[in-house]
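Presented below are the structures under discussion, each in the form of structure tokens.
The two complexes that follow have chain A in common; it is paired with chain B in the first and with chain C in the second.
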Partner chain A sequence: MSAQVLEAPVRGALTGLLLAMADDEFVLGYWDSEWTGIAPVLEEDVAFASLAQDEIGHAQALYQLLADLEGGDPDELAYGRAPEGYRHARLLDHPRTDWAFSVARRFLYDTADAARLDALAASAYQPLAGVVAKMRREEAYHLLHMHAWVERLATGGQEPRARLVAAMERLWPDALCVLDGIEGDELLAEAGVLAEPMAAIRTRWLAGLAPELARLGLPGPPAARAGACRGPGRSDDFRWLWEQFTMVRRSDPEAVW
Partner chain B sequence: MQVYEVFRREREGGPMQHAGNLLAPDPELARHYAREFYARRQESVRLWIVPRSAIIDLDDPDLLQPPFDRSFKKPAGYSTGIKAKLATARARAGTGKDDE
Partner chain C sequence: MSGSTRALTREAVWEALAEVPDPEIPVVSVVDLGLVHTVELDGQRLRVELLPTFVGCPALELIRGSVAERLAGMAPVVEVEMTFAVPWTSDRITGEGRRKLRESGFAPPGPAADGAGRPLFTTIGTRPTASCPWCGSADTTLENLFGPTLCRTVFWCNRCRQPFEQFKAI
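Coming up: the complex of A and B.
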């Protein structure tokens, strides 16, 4: 299926999904790059920065898909919007905080994102299926790395465990938003762009995670989340990050690189 | 934390060459870090990740640098007559240039 044959409502929903996914990857990439130079050990510093760069790369591919679909410039999409214009999940409104917090966030995000990518692997929208196939190959390693870290913090003594548990308790309600807040997802499922609606993907994600959380004695999801999942209201922390990642572009929007 | 030595192959058919080393708390993270240090820019097709403690270190000069003249153990010690015969044989076999 190409862009030309999409009916307007499906196309609108697809645009929303692509923007949400691109912004999720983009904002997580910028938050996690905040660890560059100050991660717990040199080796992890390189690893975590590399993961963050991967997410920026995924965002680039997704912004390009959006530009192909709706016109416009991927760089302008990435850097040219006001903070209220971003559609990332509320999970990504939190700052870097401590190491356990960043690990917990990335663990929750990566596992949710994997469920979302699973549901797009056989997408009827071919350009998206192509990008997702590449993303899944890199995300497989991200998952290995985050499972490894959660395991180590959960079983690594009193302080790491306490910090991890506190972070998860704080983040869980907002983590549910990664697989929520997409308008017209049922329409996308009917059109075969998405394998199933977001609620079903969310159920699949949580069911897959439950045994690991039980084994490690980590908190599970709350019964429900509250409030809007993907803006437009944004935290001061995100506004600070936005100032950072748009700083160079705002200094000279016409510059050629 | 333990030191791991990492070897990498740059392309299929190439040799495994020492790339460097890293510190990791266990083999699982050693794999991840080796991937990040020596393959994240797609510069390797295979890595060997070896705990430094598994390496048999040998630097005994009695074994490696014996005191007597050992030039007769080198190919250059053959007489020019033998070298010429070997070159002719190689030319006949079509194996190309002298790889001494």
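Coming up: the complex of A and C.
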């Protein structure tokens, strides 16, 4: 399936999905990069820098798909919007905080994202299926890495465990938003762009995660989330990050790199 | 005017491509790494499609540019593009490429997991393994899944007691 044959409502829903996914990866990549130089050990400096590079690369490919679909410039999409224009999940409105918090957020995000990518692997929209096939191979390494850290903190004594549990309890309601807030997801499922609606993907994610959370004695999800999932209201922490990642471009928007 | 003009062949294009090194691991060429997806030769037009190793690899534009530079002039119109038409996987690295990697101290990747076949979630318990490219020992420890570039993982050899890198199985 190419862009030409998409009916207008499906195309609109696809645009929303691509923007949400691109913004998720983009904003998480910038939060990750905040650890560069100050991670707990040198190996994690390298790892988080690589994770950040992967996520920003994925965002770049997704912004390119959006530009191919709707016109426009991928860099303008990435850096040219006001903070209210971003559609990332509320999970990514939090600052990096401490190491356990960053590990908990990444683990919840990566596992949710894995469920989302699984639902796009056989997408009828070929350009997206191609990018997702590539992303899945890279995200397998992210999952492996974050799972190892969750296990290490959960079984690493009183303080690491307490910090991890507190972070997960704080983040769970917002983590549910990663697989929510997409308008027209049922239409996308009917058109074969997405394997199933977001609610079903969310159920699949939580069912996959439950045994591991039980094994490690970690908190599970609340019954429901609260509030809007993907803006337009944004935290002061995200506004600060936005100031950082748009700073160079705002200093000279016409510069040619 | 002396000298005869011979028609450009696909073989000549592949030979030229084999001279373009990977910018991050220059012992291997873009052909050794299996980055070349298609070579189309159509009269006046030569078109080459390349596969990105990693979506966010900062060397992609450098690789595309090096290939375009090497092929420039071989046909009146030369086009070099990146494509996600099929995913590049480390299984595409040729036998020759693996030999060159090993000889320069990189463990070649093991077989890549079949990304499409099973839910991503189920990959969570797997761990990459590698044999030491220096002494051949399989007694090695994974030090860091992430290394100096996106495509490299760091190991430690317990036998010859040296660190080494593996090209990621992906």
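One rule holds in what follows: the second predicted complex is superposed on the first by the 257 of 257 C-alpha atoms of A that agree within 3 Å, B and C clash if a C-alpha of one lies under 4 Å from a C-alpha of the other, contacts with A are read in each partner's own complex, and residues count from 1 in each chain.
FYI, a residue touches a chain if its C-beta (ideal position, glycine included) is under 8 Å from a C-beta of that chain, and two chains touch if they have at least 3 such contacts.
Everything numeric here is computed off the predicted structure, so don't read it as measured data.
**Student:** Based on the superposition on chain A, does the combination of chain B and chain C result in a clash or a fit?
**Tutor:** Chain B and chain C clash in the superposed model.
**Student:** Once chain A of both complexes is superposed, is A:D118 in touch with chain B (first), chain C (second), both, or neither?
**Tutor:** Only chain C; A:D118 stays clear of chain B.
**Student:** Identify the partner contact of A:A140: answer first if only chain B is touched, second if only chain C is, both if each is, neither if none is.
**Tutor:** Once the two structures are laid over each other on A, A:A140 reaches chain C alone.
**Student:** According to the stated criteria, A:G130 is in contact with first (chain B), second (chain C), both, or neither; which is it?
**Tutor:** A:G130 sits against chain C, while chain B stays out of touch.
**Student:** Quick one: classify A:Q60 as touching chain B (first), chain C (second), both or neither.
**Tutor:** second
**Student:** For A:A162, decide between first (touching chain B), second (touching chain C), both and neither.
**Tutor:** In the superposed model, A:A162 contacts neither chain B nor chain C.
**Student:** Answer with first, second, both or neither: which of chain B and chain C does A:E43 touch in the superposed model?
**Tutor:** In the superposition, A:E43 contacts both chain B and chain C.
**Student:** More chain A residues touched by chain B or by chain C?
**Tutor:** C
**Student:** Once the shared chain is lined up, is A:A210 touching chain B (first), chain C (second), both, or neither of them?
**Tutor:** Neither partner.
**Student:** Once the structures are lined up on chain A, find the stretch of chain C hitting chain B; candidates are 6-14, 42-50, 60-68 or 96-104.
**Tutor:** Clashing stretch of chain C against chain B: 96-104.
**Student:** Once the complexes are superposed, what residues of chain A are shared between the chain B interface and the chain C interface?
**Tutor:** Chain A residues touching both partners: 43, 46-47, 50, 141, 144-145.
**Student:** Within their complex, state which residues of chain A touch chain B.
**Tutor:** Against chain B, chain A makes touches at 41-44, 46-47, 50, 141, 144-145, 148, 152.
**Student:** Which residues of chain B touch chain A in their complex?
**Tutor:** Interface residues on chain B, with respect to chain A: 1, 22-25, 28-29, 32-33, 35-37, 40.
**Student:** Could you please specify the touching residues of chain A with respect to chain C in the complex?
**Tutor:** 43, 46-47, 49-51, 53-58, 60-61, 111, 114-115, 117-118, 121-122, 127, 130-131, 133-141, 143-145, 147, 205, 208, 212
**Student:** Spell out the residues on chain C that touch chain A in their complex, using ranges where they run on.
**Tutor:** 52, 54-58, 83-89, 112-113, 115-116, 119-121, 123-127, 143-148, 150, 154, 168, 170
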